[in-house]
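These are the structures in question, set out in turn.
One chain, chain A, links the two complexes that follow: it is found with chain B in the first and with chain C in the second.
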Partner chain A sequence: MTELPTQTDRKLGLVIDLDTCVGCHACVIACKGWNTENYGAPLADADAYGAQPVGSFLNRVHSYEIQPPDNAPAQLIHFPKSCLHCEDAPCVTVCPTGASYKRVEDGIVLVNESDCIGCGLCAWACPYGAREMDPSEKVMKKCTLCVDRIYNENLPEEDREPACVRTCPAGARHFGDFADPDSNVSTLVAERGGIELMPEQGTKPVNRYLPPRPKDVEIDVLGPLLTPVAQEPRGFLGWLDKALERL
Partner chain B sequence: MIKQPVLNTSPKVSDEIRRTTCYMCACRCGINVHMKTGADGKQQVAYIEGNRDHPVNKGVLCAKGSAGIMQVTAPSRLRAPMKRVGPRGSGKFEEISWDEALDIATQWLAPIRAENPEKLAFFTGRDQSQSFTSYWAQGFGTPNYAAHGGFCSVNMAAAGIYTMGGAFWEFGQPDWDHTKLFILFGVAEDHDSNPIKIGLGKLKERGAKVIGVNPIRTGYNAVADEWVGITPGTDGLFILSLIHELLRAGKVDLNYLTRYTNAPVLVNSDPKSPDYGLFLRDEEGRELVVDRATGKPVPNDTKGIQPDLHGTYRHAGVTHKPVFHLIAERYLDPQYSPDAVAGRTGITANRIRRIAAEIARVAFEEEITLNRPWTDFRGQKHATMTGRPVSFHAMRGISAHSNGFQTCRALHVLQILIGSVEVPGGFRFKPPYPKPATAHPKPHCKVQPGQPLDGPHLGFVHGPQDLALKEDGSPARIDKAFTWENPMSAHGMMHMVISNAHAGDPYKIDTLFMYMANMAWNSSMNTKHVMDMLTDKDESGDYRIPRIIYSDAYSSEMVAYADLILPDTTYLERHDCISLLDRPICEADGAADAIRWPVIEPDRNVRGFQSVLCELGARLNLPGFVNEDGSQKYADYADYITNHQRRPGVGPLSGWRMTDKGLSNTGRGEPNEGQIDSYIANGGFWIKHVPEAASYYKPWNSDYQDWAVETGLFDKPTPYLFQLYVEPMRRFQLAAEGHGLRQPPDHLREQIKATLDPLPIWYPPFLDGHADPAEYPVQALTQRPMAMYHSWGSQNAWLRQIHGANPLYVPTKIWQANGFVEGDWARVSSPNGEITVPVVHMAALNENTVWTWNAIGKRKGAWALDRDAPEATRGFLLNHLIDELLPARGDGMRWSNSDPVTGQAAWFDLRVKIEKVKAPAEAQPVIAPQNSPVPPAPHDVKRKVTT
Partner chain C sequence: MHPAKSIILFTSLSGLGFGLLAFLCLGVPPVTDWIAFVFFAVAFAAAGGGLIASTFHLGHPERALKAFTQWRTSWLSREGWLAVATLAVTGLYAALVIFTGTRIFILGALGSLLCVATTFATSMIYAQLKTVPRWNHWTTSVLFVGLSLAGGALLSGSVRAAILLLLTCGVLQFYAWKTGDSRLAESGSNMASATGLGDIGTVTAFEPPHTGGNYLTDEMVFVVARKHALKLRSIALVLTFLAPALLLLLPFTHLFAAIAVASHVLGLFTLRWLFFAEAEHVVGLYYGRR
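Moving on, here comes the complex of A and B:
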């Protein structure tokens, strides 16, 4: 049993805009690339060119089809999912070795790989399925919020953000401090009605999702349709004559 | 107190960043390749990210780009030149030296050039060096050169150029910063991918409305505010109905139409006249319009006139009407009313009316005015730039149909009618566009033994006199491009080369030379038949296509069908130029070009294909590739990039050229030995910004025209008017009606009359008239996933974990009718064949359409995948169901499955029937495995550069 901090100085996390995410997986692969080369063991791929390739990823995009009521057209929602850096992270408290921990300074949940015995309890405890066992190293892998980028003095300041945020082509991912009510992420959540994922689990996730805006809104009954200038081509040409006069 | 491990939060990121250009798809983003020193002391690729300064991607990067590290280390990389030792198709090769490989190629090609250069067919698929490869082919003297546009999106490009001097993607883009309504038609999401996503992100941030018109609601259409699940192949009808509604309500920009288009130009309207349908011109050949002030005909560019848009004008006993008059007559017809098209398009009449009203409201009530003074080509000064903020984007979804050219034309005409092209908030050209069809070359095809071709192969025809025909009227080109079957085939017709070469029609060839074109698999219709054609022998036991040379970096399915393999490098091991002479990477606000350079050295015996062509060109003594003393002119492609001049002062790269005042960034100047180094120092690209006064109205903006000349895009200002009415099309119709000396064969007359209409029309996809719609009631499409390039993605260890399988997605109605349940398989049949494949239910789909991801299915033995990889066991191609020819219908003819204007392959016309079957062990048909020319792949990948 590993302890959680009672509170953290900052609450760093992501806002993911489901209205804007086109499901391109850019974040998935930028994450894979950075975290293969950086924090901990490389994210390995077993059977990489074979029948059942199994690689570890810290971020995946799932797509869900939604059938709205009243026969409105079905919708497809792209849903990127990674560790939510919960305040009450069950993956931390379940860890038998203390390898899983939540940082006091910024709330990032990390795995100290040298203490990880690969028991997998944390993955079972996480209600979001956000942890993956590396198929090669047999240590638990999870989103680090690019802790080795966001403070990295070897990177230009503008690049000190998670790899997934830096690469997102549509700008659907935002990084910031949720403890600061004026931060970019807090503002977005307030303006767009950002939601917690599965609050009933009581994990107090830090990351937030911006819900899709309403789609396929049926005809605005007040919105005028076009008024014909004439019913017949001859009448149209009459209109045209007058219109040209006015040019 | 909680104890936390000590963490180094500032680890060293890399030893060096090398900036080059991505090639994981055709988008050509700038990338930062982070290098680290490996255990062997050599620099290795550690991480790839987007280049923030780059005009295309501005720092972001898609999944493909970030997975480049798995591409340059892929086990499918070819390792050395090879010559075939087993039967063709078996994949049995022997590795040889480059000397031997080039000797063989020279021995094959030199006699062809000396005797009859047309016996070489040189086609280069997804080539990004077409201005170079075509130059080589021109020097060789063969008329048989093209790249892959004919089976990709030539309809969009050609329709755009003939109509307004450019189309989407490389030609132009929505004004993402100002547009308020964006309408997206079916699109290939695996390229132009980052710019479109960046743009969509901007629209979302502003809350601008996005409408997606696509039978399938995935990707961009999934985030669209409104989805229009149109019936495939009816986009043109929908667009013409929008035009009907807009015209009826007078919601067209008359001021724009009179100033910037041929709307007022007088058209001969006497059906008995030999010039029926042609423009009225004065003695100097200038198009005439009626000036409302005088009622007299005057040249269209006369200063201060008020051109009339309707009415009739009698001249020499012949009635003439302005183009706009003809437009009004045609599209006000009730056949285009929303009620008339609703059933066919699958869009309700009310919805068509509402979308038309929305376009009109945004265009005419939400005008944008920028305080930017500008001067038009007539010399008139304007204080502001006013725009109609409605924009569109479309690519392959609407163009890969047999009615695709006219559909693309319809979309361009719609944009012009509402005055939204080259204005704030609308569509913007990217330099070197706008460029009218008349400023492009015409096709050339004159073959002489031992001599270069008489000019560029590809171009734009303006009438029957420009067709690529021999003196006896037979096709000059092996692909039959620029013939009566498809007169305006501006990109050639690569998809017809193998079947025509196999049939010896229009003539036999000797050597088929291809680059980066997987014709034995996903790039051909009727894949299985193409494999047979590549291996077929004649009565004397010789291959019908006698010799095949192929260059590729990877072990694609096509490799097994070549006699000689010239292995290319990966994109991080080579020089390239993304040139303004070619398919450029410009933005609306700037002209730009870029390079690739070897950020790593090949660890195999491979060479960049273009460098190989430099040497082969010299061995063959091709003009432009040898010095006066006969020695090799360009040591390699980098040498060519630096020193070649297409016109004096204009070369492959525009940046850092040499002038008498030193290095210049105007775009013009002499070659500079340090040019590539300057590019490398600048992040791999060069950009020259368009001045603010030149930013919009480019075709008519004198500041832009002068800037384009200074930059080397043109040699003199080239203002022009948009062609709502495309007169060259009418010239082909006139020939089909019996006018003129060059006459089409009788069997094509009706097709030409019906389809080469100079104003956009819609007709049903041709297959509908050949395959019984009752027997084949379902339309079948492919899409390209954003996370994998359709040609070479499956070998990528990371990307194949995202898209390793491609089920057939089936809409609810068909799913229920067949009683499908999860895990089921279906037999899918067309008149051309059948496949048996796994099915998955999808509700967000047009109810009569099924689809799958393109080119996920791979052949066993290719791409260094294990033979039991899902790509080879469950993956499949729809290509087996599609033929280059339409099914016979008893008229004694076999009609081409392509657009009759451009010859573009009509991939998306496909009709099928679908039935539930017992799950087979593997997707059907099972194609026999190939021998892999590369060693087996490692089981695990676990890569980290350790020092």
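Moving on, here comes the complex of A and C:
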């Protein structure tokens, strides 16, 4: 049913720490691996060894350069992006077949692939580019929050979290329930000022991003006590400089 | 947005077909017998052909019937229902006119209304998308319905209505382009809001996730040939609106009328190509493109 639930019992989602993400793309590969071998149609690659390889991914890592004002050093931010499991998910309501739905029990947005006609309208409705049409199966693929891992009692308990979170070597990804104010993710968001992406789109995304911690703020505390570095050349170089000036 | 042939054909042809049906169902022109048959056949061929073309866009057209289930929230589903209802009501009206010579005014009026409603629903598939600020505006719906009726007036030979509608739509189209050009900038979505990192400084895309393209960049970050947009806009304005209106102002001949229709249809295809090709999806911001 494409009518969105007014409220979900839990709000499962991810917190992504942009301060710790090193941009290794391990989450991309873990996601592609798990979701190719398990629930739903495999994530295909077309022309994989050809001139123009193209494939479906549920998670992609962008990299951005941020230039602070007053010419401070630029920062490079690696930015993993997957479905944000929005509370007001526009991708769900536009679906003509009911293939897209948001679960009442945990808020996960899923696609029932056998009902998907591959019209692509949900991908158009998503501002984040979270949905991709599979090049082989021609059905819409999206992050399932590894719904086949998190409740899977055949897996050891430490593996019952999304593949991207489990694999992240930097600990930059966190999985939890945003409806619980005391959960790990809620605490992180409160402490670090978690960001909502494109709030002006009115989608109320569940996933949050932790902004990079301020850099180079305390480095100048001892600065004034340091001996100034010579600005003017002295000795032989100073003589050479002056001599060349006079020429 | 990627200007797919199937969707350009769908929106253009079904718009024209439903526009013509809207006039025919009001008894304009008051045709009967085999002439009525030809008029209705053209209208149904265009409307139906457009609808069939739309299914070529689907990854799984064999499941298309499932699209009738979610009319409560989905404009695409509503469009499907309205199209079927319109074809049924106007089909019944057409059959009665052609084979029995009777005109049931109420049935015709209902058919005409449904034609307008269907085109409106088609327009809402695009106009509802907040992610494409250029489309997310009342001009999208007014132009879809207006162009449908203008085409219908032209095809049904309602000269005065056609001239009026063509020129009004031409002005509206110009207004839609003029205001649409800045709507992405005004939408509040930019690289700062997309990444949430604007507080630190100016955000620029350093590296895309993969060196190649992907479904998102192919489908929603279509920037090819936008450099010709201004020329194409001028061509579309002349072909769709000005040339047909001028030809209709001249003394009526069938040759002029045929040229007017051909020019309008060609112009309409150009307009729809531009409608998609020029539309910027906010996901392009994540790729530092628009």
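Throughout what follows, the second predicted complex is superposed on the first by the 217 of 247 C-alpha atoms of A that agree within 3 Å, B and C clash if a C-alpha of one lies under 4 Å from a C-alpha of the other, contacts with A are read in each partner's own complex, and residues count from 1 in each chain.
Everything below uses one rule, namely that a residue touches a chain if its C-beta (ideal position, glycine included) is under 8 Å from a C-beta of that chain, and two chains touch if they have at least 3 such contacts.
This one's a predicted model, so the numbers in the text were calculated from it and none came from an experiment.
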{"item": "Which superposed partner A:Y209 touches (first chain B, second chain C, both, neither)", "value": "second"}
{"item": "Which of chain B and chain C A:G171 touches, first, second, both or neither", "value": "first"}
{"item": "Which of chain B and chain C A:C116 touches, first, second, both or neither", "value": "second"}
{"item": "First (chain B), second (chain C), both or neither touched by A:E65", "value": "both"}
{"item": "Chain A residues touched - chain C or chain B, whichever exceeds", "value": "B"}
{"item": "Which superposed partner A:P199 touches (first chain B, second chain C, both, neither)", "value": "second"}
{"item": "Touched partner set for A:A125, first chain B, second chain C, both or neither", "value": "second"}
{"item": "Which of chain B and chain C A:P73 touches, first, second, both or neither", "value": "first"}
{"item": "Touched partner set for A:G55, first chain B, second chain C, both or neither", "value": "both"}
{"item": "Partner chain(s) touched by A:E3 [first = chain B, second = chain C, both, neither]", "value": "both"}
{"item": "Doubly contacted residues of chain A, that is, touched by chain B and again by chain C", "value": "3, 28, 53, 55, 57, 63, 65, 67, 74-77, 98, 115, 135, 212"}
{"item": "Residue numbers on chain B that touch chain A, as the complex places them", "value": "2-5, 7-13, 34, 36, 46-50, 52, 57, 59-67, 69, 75, 189, 193-194, 197-198, 200-202, 204-205, 217-220, 222-227, 229, 245-251, 254-255, 258, 292, 306, 308-311, 324-325, 328-329, 332-333, 350-351, 353-354, 356-358, 360-361, 786-787, 795, 797-802, 804, 842-845, 864-866, 868-870, 873, 937-945"}
{"item": "In the complex with chain B, residue positions of chain A that touch it", "value": "3, 5, 17, 19-26, 28-30, 32-34, 36-38, 41-42, 44-51, 53, 55, 57, 63, 65, 67, 73-78, 98, 101, 103-104, 110, 112, 114-115, 135-136, 147-148, 150-155, 158, 163, 166-172, 212-213, 215-217, 219, 223-230, 232-233, 236-237, 239-241, 243-244, 247"}
{"item": "Residues of chain C defined as touching chain A within the complex", "value": "1, 57-61, 63-64, 66-70, 72-77, 80, 125, 128-132, 187-189, 191, 193-197, 199-210, 212-216, 218-220, 281-283, 286-287"}
{"item": "In the complex with chain C, residue positions of chain A that touch it", "value": "1-3, 18, 28, 52-57, 60-69, 72, 74-77, 79, 81, 90, 92-99, 115-121, 123-129, 132-133, 135, 137-139, 195-202, 209, 211-212"}
